[in-house]
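Dumping the structure here so I can ask a few things about it.
Here the chain labels run A, B, C and D in written order, and each chain numbers its own residues starting at 1.
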Amino acid sequence: MITVFIIILGIIMILAAIIAVMSKNLLTAIISSGVISLLASIIYLILSAPDVAMTEAAIGSGLTTIVFLYALSRIKKINKEIDDD
Amino acid sequence: MDTPLVLKILYSLISLAVITIWGLSLGGIVRKIYARVQGRIGPPFWQPFIDIIKTYGKRTAVTHGIMFFLGPVFRIAGGIGTYLFIPAILGSTIFSNFSVSGDVLLVMYFIFFGQLGMALGAGESGHPYSAIGVARGLAQMTAFEVPFALSIIAIVIQYHTLNITTIVLAQQGSILNWTLFTNPLATIAALIALLGMNMHNPFSVVLAPQEIPIGPPTEFHGSYLALMQTNRGIFNAAKLVLYMNLFFGGATNIFALIIKTFSIYMISVVVGVSFPRFRTDQSIKFFLFVPTLIALLAIIILVL
Amino acid sequence: MRYTLILGFILFMIGLWAMLTRKNLFKIVIGFSIIDTGVHLIIVTIGYLSGKTAPILDKLVTPANAVQKVVDPIPSALVLTAIVIGLAVTALMLSYVVRLYKRRKSLSIEDYRELKW
Amino acid sequence: MVNPIMIFILFLGTAFLFALFDKIHRKFSFAILQLVLLINTFIAGQWLYKFVFTSQTPVMIFTAGFKPPFSINLRMGLEEAFILFAVNFVGLLSALYLSKSFKHSKVYPLVLYLMMIMGVNGIVMTRDLFNLFVFLEISSISTYALIALKENEQRLASGFKYMIASGLASVFFLLGTIFIYHITGTLNIDQIITHKSFVITSLGFLSVFTLMMSLIIELKPFPANGWALDVYQTTTSGVVSIIAVANSAGVFYAFYKLLPLIPHNQLLFIAGIGIVSFLFSNLIAIKQTDSRRLLGYSSIAQIGLLITVTALTRYLHVKSSTSLFIISSIFLSNFIAKAGLFWIAGIIKKTHIKEWAILRFKPGLLIIFGVFIFALVGIPPFPNFWAKWDLIRFLALSKLHIWIILILLGSLLEAFYLFRWFGSIVRSEQNEEQLLQPAYKTVPIIIFFLLLIIISIGIPIHIYQFDILPLLPIVGLLILSIFDFLPSKLKAIISMIIIAGYTLYIYPVLSGVSLVFAFIFLAGSFIQLIATMSRKGTDKGFFPLLVGMILSMGSLLVARSSLEFFFAWELMTITAYMLVLRGRKAEKPALLFILFSLAGAYLLLSGLSYAHVINFSLVGLGTIPISAHMLPITAFILIVVAFLIKVGAVGFHIWLPGSYAEAEDDTTSFMSSILSKTGIFGMLILLLFLLKMNMHHSALFTSMLGWIGIFTVFFGSLMAIFQEDVKYLLAYSSMGQLGYIVLCMAAMSHLGWVSGLYLAVNHLFFKAMILLAVAGVISRVGTRNMYEMGGLIKKMPYSFISVLIGIIALSGVPPLSGFGAKWLIYTALLEKGWYFRAGLSFFASAIAFLYLFRLIHTIFLGQPKPQHQNVKEASPFFLIPQFLFIFAIMAISMFPNLIIKPLSTFINPYFASTIQWQGNTLYSSLGYWNGNLVMYVTMGVFMLLLIWLIISIGRVQKVKQFNIVFAAERPFKPTTTHFAHNFYAHYKRALGTFVRPVTTGFWNGVGEWISSAAGSIRQIYSGNGQTYVLYILLYFIVLYFIMGGK
C-alpha cells in the first residue's frame, strides 16, 4: 500500500522535475521544483524521518522557493529599469 | 748524440746551406721543364739564385707594420725549422739536424708555423688579394692535411713509431722495404696531398697570378721577397726530404737524397704541367674524397 | 525502500541533465537544487530500515530498546545539515545570477565564456 | 597547551560578534580579525613547536564527552599543526594584504574571511567524515562569497562556474559519505580506515571512489579544472592567494587523511591522476600569457605533484618521516611561493606577463619574485630542491622509472615557462612606470620571502647535517650582496680576497687531480677577476653572482657526497644562468641555457639516484671501496649525458653559442675558460668509477664517448669558421676544444688523461686570453661583427699580442704550449689505436686554423675602418690578466715539464705511466718531444733571420695601411678593401652541408611540437561552465572504469 503511494508520489515528482527543467516559463519551473521538495518531505515522513520532513518542507520547499522567486523578481526589476531607461 | 752545441749548430748550418742550394736549383729546374713543355727555352736553372740576389739588392723598402715586417721572417723560420727537425740523411751526423727535438708530429705541426706567420704578415699588408689568397691557401691546406695525416697514421700503425729515424731504419735493406711498396695506398694518398702542398696546378689557385696577382705575397718586395724566395727553396726541399724519409726509404748519402727528392718532385711537376687549375671548393672536395678514401683504405687494411 | 532510492537517483540524474544542458542560469540552479533533493532522498532512504519508527523516545521506544526499534538517527541529522547548506549554496548561486544579469542582461551561460584557455 | 578547540571558539565567537564590533569602528573589527588569526597562528605554532622539538605525541580531542562514533573528534598531530600554522599565518598576512579592501567593504566579507579560514582549520583537524563535509562546505561557501569581494563581471562569471563545479563535487562527497556510513556504520575516519577491507566490495569501492574523487575534483585535476583557472585568473590577489594556498592546503590535507582508504594497488592510479595534472597543466601553461592564469596553472600543477608524491610515497611504504619531509617541502615551496607571487600580482596589477617588466625597476621586488620562481622550480637551497632529491632517489630505488621521467619532464616544462617569464622581465625594454608598493601589501610578501629563506637555510643544516663547507657559495653570494653598493673595483678586490681565502680554506682537502681543477676554477677565476675591474659604477648584482658561481665550482671539488655535489652543481647552474641573463640581448640564450642546464641537472639527479653509491664526488670516491655494479649502466648513461650537455657536446650544443655570445664579455670568458670545465670534472669522477668498477661494456662506452668527443671537435670547429660574430666564433671554438678534452678523457689511458688535463689547463690560458682581449676590443669598437673591425693592430697592439699568442697556443703550432697538447693527444690516440679519431682530429685542428686566422685577421689586420680612427688600447684591467696568462703559456711552452710532470704524477694512481723523461725530452711508447729544445731552435732561427732581415733591408719607410699596390690605382675606400665578410665562402660551398643546422632544427621541432600540443590541448577549456561540469562527470565515469569499478 505504502509502496504504491510512494510510486505515485515518485512519478509525480519526476514529472515535476521534468517540468522544472523543460518549462520555458521560469515561474513554472521554480514552482515545480518547490513541489518536488514538498513531495519529498512526504516521503521522508513515510521513511520515519519526521524531523527531516519538517525541515525539507520549511527550508527545502518553502524557503528555497521564496529565494528563487525573490531572485526572479530582482531580475524582472532589472528588466523594468532597462525598459524605463 | 752528444755533439757539442757549437758543433751541432755548425753542422746544421752546413746541412742548411746544402739544402738551400738544392732546393733553389730544383725550382730552377722545374721552371726549365715547364718552359720546355710549353715550347719555350726558359731561364737557366740558376735563375732563382739570380732572382734572390737581385731582390736582396733592392734598397727601397716600405713596411705596413710590425707583423708585415715579421711575416717573411716567420715564413722562412718555418721553412728552416721544418727542415731542421727532420733527420735528412740516415747515419750522418752533419745531416741529422735537430731531429732530437721531436718526432714526425713536431714536423707536421711545424709546417704550420711559417704558414701562419706568413698569413699574418700578408694580413697586415692590407691588400684584399693577400687576404683572399690566405683564405684560399688555408682552406686548401685543411683539405690536403687530411689524406696526409691519415697516411702518416698508416705509417705509424705500420712501424709502431713516430720517430722518423726509426721509420727510415725500418725501410733499409731492400728497395722492397720502402713504404712505397710495403704500403702503397698510404704513399699514393700522401703524394696526392703533396700536390696540394706544393701548390702546383691543379691546386695553384692560392697564388693564381691571373686572378689575384701572386696572392698572399702581393705586397712584399725587396728583401722580404728574397726571404720568401729563399724559403720557397728550403721549404720545398724540406717537404721532399720528409716524404723521402717516410715513403721512399730515406737517404744514406747526399746523392741518394738528391736523386730521390728530385724524383718525388717530378711527380707533382708532371701533374702540374698537365692539368688546369681547380677552384678552391673543387680542390677541397677532391682532397677529401679520392686521396682520403685511399688513405682510409690503407689504415683499414693495416688494422685488419 | 528501494523505490525511494531509485527515485532519488532519477531526480539526481534529471538535475544533472539540467545542469549540463540548460543554457539558462536559473535552470542550472534549479537543476542543482533538484540534485540536492535527490541526494537527500537517497541519504534518508539509506538511514531508513524497514519497520522501524522515528528516533523519538516515547512509550514504545525506550532508551533500552532504542537501538532495535528506531531508524538510524545519524543520516537524518546529516540531511538536516545538508538541506541548510543546500539552501545556502542555492541562494548564493542565485545572487550570482542576479548580479550577472545586472551587468550583462543575459541569463544564458553561453554569454559568459570570455575566460578560457 | 592550548586546546585546539579554542581555535573554533575564537573563530565562531568573534564571527558572530563582528556586527557588534563593527558598530564601534571598522578599525576595531579589523584588529579583532587580525588578532584572532594571530592567536590561532600562535596556537598552531605552539603545537608545531611541541611536535617538532619535543616528543609530543598526537592528541585526540573529543567533543561532548563521548568517544566516537557518538561524538566528533579532532586530531592535533604534527601534520595538522604544520598545516594549521601555515594556513592561519597566510590568513593573517593575506588579511593584512586585503586591509584596504576590507576597509571599504561591508562588514560581512570580514566574517566570511574568518569563516573560510575556520573552515580550513576544521577540514584539517576533524576526524569525522560528515563534519569534514560541513567544514568543506563552510570554506567553499565563504570562498564563493569572497570571490565577489570586489565584484566585476568576470569575477562573477568565474565564481558561478566555480560554484556549479564545486557544488557538484560536494554532492558527490555527501553521497560517498553516506554510502560509507551505510556500509561501516561509522563516520569516524580512523574507524573507517581500520575497517577498510570493505573497499573490496563493489559498493564499498564505489563509495570510497566517490568520496576520494570529489576531493580530487576540489584539488582541480586536469582536465576537470577549467573553473578553477578562471577563478585564479580573475579573483583579487589577496583572496586568490588564500584560495590557491590555504583552501588547497585544507582540501589536500583532507585527501591526505583519507588516502589510507585507497587500496594499495589503486594508489598508482591516484598518483597517475596527479601526474597527468602536473604534466598537462605545466604543458598548457607554456602558451599562457595572462600572469594570474599562469600562476593558476602552476598551482594546479604543484597540487598535482603533491597528489602524485603522496600516493607514491604511500605506495612505496616510504618511511613516514621521509615522506612527510618530501611532501611538506613540496607543499611549502608552493605554499609560500604561490601566495607570494599572487600578492606580487596584486601590486603589479598587470595581466599580461610581458607587462610585468615594470618589476625591473623595483630591484627588491624583482629579487623576491626571482626567489619565489626559483623556489617553485626547485633550485637549491629552496625546499623543493631537497624534496626532489629525496623523491627521485626513492623512485629510483623502487624502479619506478616512468614516474621519474614524468615528474622531471613536468618540472622542466614548469621551469621553462617560469624562467621565460623571469627572463622577459629582466631583459625587457619597457619603460619605467609608477608602481605603488603600499606597506600593507609589501610586508606580507617580505615576511614570506624571509620565511622561505629561513626554511631554506634550515633544511640543509638541520635535516641533511650540512656543515659550512657546501654552503660557502651561498655565504659568498650573500657577503657580496651586502657590499653591493660599493664600486665595482672594490667589489672585484673583495671577490678576489674571498676566493683566495676560500682556496686556502679548502686547500688541505685537495690533492691529485682536484688540484688541477682547483687551479682552473679558482686561480683562473682569481686572475680573470682583474678584468672585471673594468666595469663602471657599482654594476649591481654581478659580483655576488660571480662569486657564488666560482665558489660553487670550488664546492664541486670538495663535495663529499652525491648530494653535496649535486647541490653545488645546481647552485653553479643557477648563478651562471643569472650571469648570462645580464647580457643585453640574452633573454633567449639564457632561457636555452637554463633549460639545457636543468635538463642536464635532472639527468644527473636521476643518474645519481640510480647509482648504488652515495659518494659520487672526488673526495667521496676516496673514502669508499669501489665494487662492481656501483654504477649501473642506466646511471652511467644518465650522468654522462648530463656532463656532455654541460660541455656542449654535439647534439646538445645549441644552448652554448648563444649564451656564450650574448653574456657580458667578461662573463663569457669565465664561462668558456672555466665553467665549461666543470663538465669535464664531473666526467672525470664518472670515469674514475668506471675505471675501478670493471663494468661490463665499459670499453664500448668509452669508445662511444670518444666518438662524441671528436665529432664535437669537428662540428664545433667547422661551425666556428662561418661565424661573423667574434663571440659566436669563440663559442664554437670552445665547444671544439672541450670536445678534444672529452676525447682524451675517453681514451682511458695515462697519456689520454694527461693530455686531457693539459688541454684543460692550456685552454684556460689561451681562451681566457683571447676572450678578454676580444672583450677589450668590443668595449672599444662597440660591435661584435668582425667585418666591422679591421686594422686594429696599430690601435690595440697589446690586445693583438695576446690574441696572437692565444691563437698560436690554440692551434698547436710549435713552439708554444698548444703543440704539447697536440703531441700528447695524437700520441695518446695512436697508442690507444683510435686511428680514425686521430685522423679526424687532424682535420679538425687544421680547420681551427681557418677560424683562428679569420679571428686575428679580420679584427687586427687588414684595413682599419675610418670610424675607428680614434680607438684606444683596451683598458689595462683587461690587459693585465691577459699578460699573466701569456706569461703562463710562455712558461709551460719553454718548460713543458712544469705541467706535464705533475699531471703525470696525479694520473699515476689510476693508470700505469707510459711516458718517461730524459732531461727535457719526453718519451712516449711511439715518439719523443723536447719542448725546450724546440723553443730554442725556433727562437734561434727566428732571431737570426730577423737580424739578417734588419741588416739586409736597411732603413724602412713606414707607409699607411691603405698605401697598397692595387693595379696601379687606389682602391675605393678602406672599408670595402677589407676582405672580411663571408671570409670562407668557398669553404661553405665545399663543406657547407656539414653545418646545416640539423641539431637546431631538431630542437626547434621539439619546441614547436610541444608548443602546438599545448595550444591544442588547452582548447578543451572552452570557457563554458557547463562543459566544465561535463568534464567533471566524464572524469568521474572514465576514472571509475579505469580504476576497475564494476
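Brief remarks on what is shown
Simple rule for what comes next: contacts are C-beta pairs under 8 Å (C-beta built on N, C-alpha and C of every residue); 3 or more make two chains touch, one makes a residue touch a chain.
Worth saying up front: this structure is predicted, and the values here are computed from it rather than measured.
One finds 11 Å separating the Cα centroids of chain A and chain C. Per-chain Cα centroids separate chain C from chain D by 50 Å. Annotation: 99 Å between the Cα-based centres of chain B and chain C. Chain A and chain D have CA centres that are 58 Å apart.
In terms of inter-chain touching, the protein chains here are arranged end to end in an open line. The list of touching chain pairs reads A-C, B-D, C-D. Touching chain D in their complex are the following residues of chain B: 56, 59-67, 69-70, 72-74, 76-77, 80-81, 84-85, 98, 100-106, 109-110, 112-113, 116, 119-120, 123-128, 131-132, 134-136, 138-139, 141-143, 145-146, 149-150, 153, 156-157, 160-163, 218-219, 222-224, 226-227, 279-282, 284-285, 288, 295-296, 299, 303. For chain A in complex with chain C, the residues that touch the partner chain are 3, 6-7, 10, 13-14, 17-18, 20-21, 26, 29-30, 33, 36-37, 40, 43-44, 47-52, 55-56, 59-60, 63-64, 67-68, 70-72, 74-75, 78-79, 82.
The part of chain C that touches chain A in the complex is made up of residues 1, 3-4, 6-7, 10-11, 14-15, 17-18, 22, 24, 26-27, 29-31, 33-34, 36-37, 40-41, 44-45, 47-48, 52-54, 56, 70-71, 76, 79-80, 83-84, 86-87, 90-91, 94-95, 97-98, 101-102, 105, 107. By the touch criterion stated above, chain C contacts chain D in their complex at residues 16, 19-21, 23, 25, 28, 32, 35-36, 39, 42-43, 46, 74-75, 78, 81-82, 85, 88-89, 92-93, 96-97, 99-100, 103-104, 109-110, 112-117.
Those residues of chain D that touch chain C in the shared complex are 130, 134, 137, 141, 144-145, 148, 151, 153-154, 156-161, 163-164, 167-168, 171, 174-175, 177-179, 181-182, 187, 226, 229-230, 233-234, 284, 287-288, 293, 1018-1019, 1021-1026, 1029-1030, 1033.
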